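The structure under discussion appears below in the form of structure tokens.
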Amino acid sequence: MNILTLWFHKLGSPPTFYRLAGLLLPWCYGIGLLLGLVALYSGLVLAPRDYQQGDAYRIIFVHVPAAWMSLFAYAFMAANAFIALVWHIKLSEILAMASAPVGAAFTFIALVTGALWGKPMWGTWWTWDARLTSELVLLFLYLGVIGLNAAIEDRRQAARAAGFLALIGVVNLPIVHFSVTWWNTLHQGSTIRLMGPSKIDAAMAWPLLLMALATHIWFFGSVLMRARIALLQLEGGKDWVRKVALDEGAAGG
Amino acid sequence: MKPGGTAGACAALVRRDLTLVWRRRGDALNPILFALMVVALFPLALGPEPEQLRRIAAGIVFVALLLAGLLALDTLFRSDYEDGSLEQLVLSPHPLALLLACKIAVHWLTTALPLIAVAPLLGEMLHLPVAVRGVLLLALLLATPLLSLLGAVCVALTVGMHRSGMLLALLVLPLYVPVLIFGAGACNAAQAGLPFLAPLLWLAAALVLALVLAPLACAAALRISIS
Amino acid sequence: MKPGGTAGACAALVRRDLTLVWRRRGDALNPILFALMVVALFPLALGPEPEQLRRIAAGIVFVALLLAGLLALDTLFRSDYEDGSLEQLVLSPHPLALLLACKIAVHWLTTALPLIAVAPLLGEMLHLPVAVRGVLLLALLLATPLLSLLGAVCVALTVGMHRSGMLLALLVLPLYVPVLIFGAGACNAAQAGLPFLAPLLWLAAALVLALVLAPLACAAALRISIS
Amino acid sequence: MHEITDSDHRPALLQAIGLGFARNDEPIFGPLDFALHAGEVVLMEGDNGAGKTTLLRVLSGLLAPTSGEIRLHGAPLRLADLSPQVALLSHQGGLKHDLTALENLRFAAGLHGQRKGISPHSALAAVGLDGYGEVLVRQLSAGQKKRVALARVLLAPVGLWLLDEPYANLDRGGIELVNRLLERHAHDGGAALITSHGAYAYTSGTPRRIALRAQAATGAVR
Amino acid sequence: MHEITDSDHRPALLQAIGLGFARNDEPIFGPLDFALHAGEVVLMEGDNGAGKTTLLRVLSGLLAPTSGEIRLHGAPLRLADLSPQVALLSHQGGLKHDLTALENLRFAAGLHGQRKGISPHSALAAVGLDGYGEVLVRQLSAGQKKRVALARVLLAPVGLWLLDEPYANLDRGGIELVNRLLERHAHDGGAALITSHGAYAYTSGTPRRIALRAQAATGAVR
Amino acid sequence: MAEFITMGGYAFYVWASIGVFVGVLALDALAPLAQRRRVLADIRGRLQRRAAREQREHGGSP
């Protein structure tokens, strides 16, 4: 057994994970919310107006972090699906399936905010260029994974089948990311670089990066939340789950 | 619940079908997603020029919704047939045509109405002129119940057959053609600035006729194919 | 028949599947009729102007064949699953991926090839320029096996599910998008007098890759969903 | 409505006169003559494919007989206005898997009406499924599904039960349950026609048996 | 390949060690330990939903066990290379309805290989379906279909039979036939594990029985 | 302040974007809560049924 599986087995004991995730959860949601509010404030109020786009550019502070998250969540899901398929680790199955709805939510946000930005900038809500199309395909991939996962009765089998589909869909990730360089499109190329010179003013960059950080933290909170529920569902017959259920029942009346 | 009343039976049926849809509300999204994807296929296949897309937008939206409705038709009686509750429906002491009309109405509400709701979005994806949107919605509101009713008769005929998917499509599509011609025709006329009321009125007339006749035909077809 | 030989097993499988198609040769026509009808819907929905139709002909033929292929996909493993012979296939001592590759090949031969054969007719219905016809056929010859292979993986994932029709479409269509873009793109380029070799080469490369990987993926998917 | 009576001079709930059914001109079961009276349980036996299921579907009015006639309480059964006097338990059960057991029974009560003195709740209790009312039918085992379907029959306000293999899928407890329900129904003045090719069957009293033979154009009443 | 032997010092065709299976983490059958030797027929009994079918699917390699191990001739069964040493008769039968009985058997012989000294023709004769070779399976009755599926098992060149409810759907003649086939197979050095919850079962000799109980995490070998 | 709200004429687009962002993420956080309640209620129901069954069986065969 290699280090990775050992680690997963240790931490991946369901009751342990449930408890740890429960401890982490409020912090993830709390810090995510806090950073997000700060980022929104500084993006909407403190950051200067763009000389070209005027105030419309402020959509960047929600569009770009959401778009990044749509890619990150898919990568996270696929990585977990891979681990789940190769090493049959229950926790990875759960994490993969838990990240699908969150990723879909971010993809949806990226699409809608992109469209809302496109109308004033390009004069149209939607065009069929490579980046927009591939992002739409990404949403469909997420929905396919969610749909397949929901359609199969046996939870573990469902997670494996849907994880398999997620892995097939990974080819779309580089297409989304590099579409602006591979094809000439309406959509803007890379402007933000973590390393090397950035093409964007620092006063605009830092709220953006802050929001990106906030969405990452929020993402993990949301995934942990869903993973905990999936764990309860999956381990419904175990004693520790019964205890959780009865405690909750006593508390909730 | 007063036992035996026909209205009560219809209410029970409607409640049951709505509950079933609610239990599988994830599935209810499928027709919408399918229509979205079919609409997305066309710009990809034809190229993204907005001018060209605009010209064919209404037609494509109509065809996409028609195909989505076609695929959704299969669920109308399929599961009821497989689990034997269709049999129980036929055996009930109430008029079968009325019960079927209730079923068709619920099916329309839960599959076609959401499709109509996303139609403006589909139109936007193909750069449909805003002015035509109203006519498109009106045409769809008249056309989709007609499609559901006509489709139901065909489904009733094929229920109980294995592999009816393709066969159903073959039976239904010829019946859908006139609806498509009038519905899309109205939109095209509106887009070209021509009068578009006549085709809509034709659709309305056909709808009234179908509302009366289709449930009866559906009941007759079902009696044939259930035996 | 030498028992136990893998080649013999593949031959037996191919022979069986061909016999089955032959026994139900009526059903084999369904995809063609469906494609014909979908293509026929467009002149009805868009109006009959030849100029406009000509411009979108190749794309529509592509989309129609893609949808017909999509609906036909369902039959790939469905009946084998239902009557338990898929189980027997999995239990056989031969490499599953190879056996599945045989099944996919037969499926392509019996559903996609006839569709390709009627493609010129479909093109004619939409006034496709004769010059583009060759490119269309070439693109279809490269694209349809790719569609079959990709589709087979998704079908393998949904086998054993009730009401998989819509879900299958949802899973498959995103994977079909690149194939459509390159295939229809080649035709459109040819129609516009632009070079069209590059997209065809991309398709060919993808096909080679899929020929190797898809049967393996299909076998893995099947093992997951049969359990 | 005047009563048709047979030799016993009791009113016949169900009477088949020269009843035959053919598919594609091949006879499935031959001309059958029999009557079913209140208080009677008749067992129909036959090998696979003998036509038991088909006979029940004809009797319930789902299939039109090729020859002969069916009378319910002396009045001929017509296809058009299907009778509310018959409860059919068929192979499939007629339950929606995505509804709970109680929801299924409530729907059945809405559709067919409900026997006096019994509610969906008590019907469920009568088949030994106390406490399973809120469980989705999909999550029940095959035997439990069968019990819910039996509860539906129990609930229907009709005198005549047509039960197709009510014993299939049931374990011993279930088989006894069916026998008890049948006995009570007969005692209350109902009648039932049941099919079986298993070893378990309604054994209390000595039920009349009808033997169907596959593809033979004869059916004999013993 | 070294032979695993159990207390009887005979080579075990099939051995289950602490074998368990769970769905959604609910145990379907508990840790089971048993061995099946050449010349043995073991009958597995259990109520509906006890997990009989599931056990057979696990033993054949179609499902991966949640815990424990399966050994065929002493070598562990792995999911990846499925064993050619097992013939499975499942609920569905694995026959194509649009092929004739003989075509089905010929295909099975091509896929799985063919036992020495037996041909599709003679296998069909052995199950009493002489003269039905050219009939489409779709036109056979349920019992006849079952017989064709049995002929497929007969044809496979394997020592271990896993038969799921081989008696279901069969009339008395068919039940005797199955018993005769099992006896001959055991006599020839094969072994069989069969399930049943019916009253009919393999009765010649006194077969060992394994009882499965629903949802209980115990399986006892009597 | 007014300038902040009008966003240089782009108010609809900017505020709609922010609204979608906040709204969808709020839904994303709330949806699991309902699901969690359902799952726990389901588990409790199963426990109750099992308890009832065990009681019945013990009562039936003392």
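We call the chains A, B, C, D, E and F, going by the order they appear; numbering starts again at 1 in every chain.
Everything that follows uses one rule, which is that a contact is a pair of C-beta atoms (placed from the backbone, for glycine too) under 8 Å apart; a residue touches a chain by one contact, two chains touch by 3 or more.
Source: prediction; values computed, not measured.
The chains touching subunit A as well as subunit B are C. Highest inter-chain contact count (C-beta pairs) belongs to B-C.
Ranking all chains by how far their C-alpha centres lie from the centre of subunit D, first place goes to A. The mean-CA centres of subunit B and subunit E are about 48 angstrom from one another, to the nearest whole unit.
Note on chain placement: the centre of subunit D and the centre of subunit E lie 35 Å apart, centres being C-alpha means. The geometric centre of subunit C is 41 Å away from that of subunit F, both derived from CA atoms. Centre-to-centre, using mean CA coordinates, subunit A is 56 Å away from subunit D.
Residues of subunit D in contact with two or more other chains: none.
Annotation for subunit F: no residues touch two or more other chains. Within subunit C, the positions touching two or more other chains are listed as 79, 167, 170, 173-174, 177, 227. Pairs of chains meeting the touch criterion are A-B, A-C, A-E, A-F, B-C, B-D, C-E, D-E, D-F.
Only residues 26, 29-30, 33, 37, 40, 43-44, 48, 50, 124-125, 127 of subunit B touch subunit A when the two sit together in their complex.
On the side of subunit A, the complex with subunit F involves touching residues 29, 40, 44-45, 49, 54-56, 58-59, 62-63, 66, 101-102, 105, 108-109, 112-113, 116-117, 119-120, 218, 222, 225-226, 228-229, 232-233, 236, 241-242, 244-246, 248-249, 252. Of all residues in subunit D, those touching subunit F in their complex are 130-132, 134-135. Across the interface of their complex, subunit E is touched by residues 154-156, 234-238 of subunit A. Of all residues in subunit D, only 47-49, 141-143, 169-171, 197-200, 214 touch subunit E in the complex they form.
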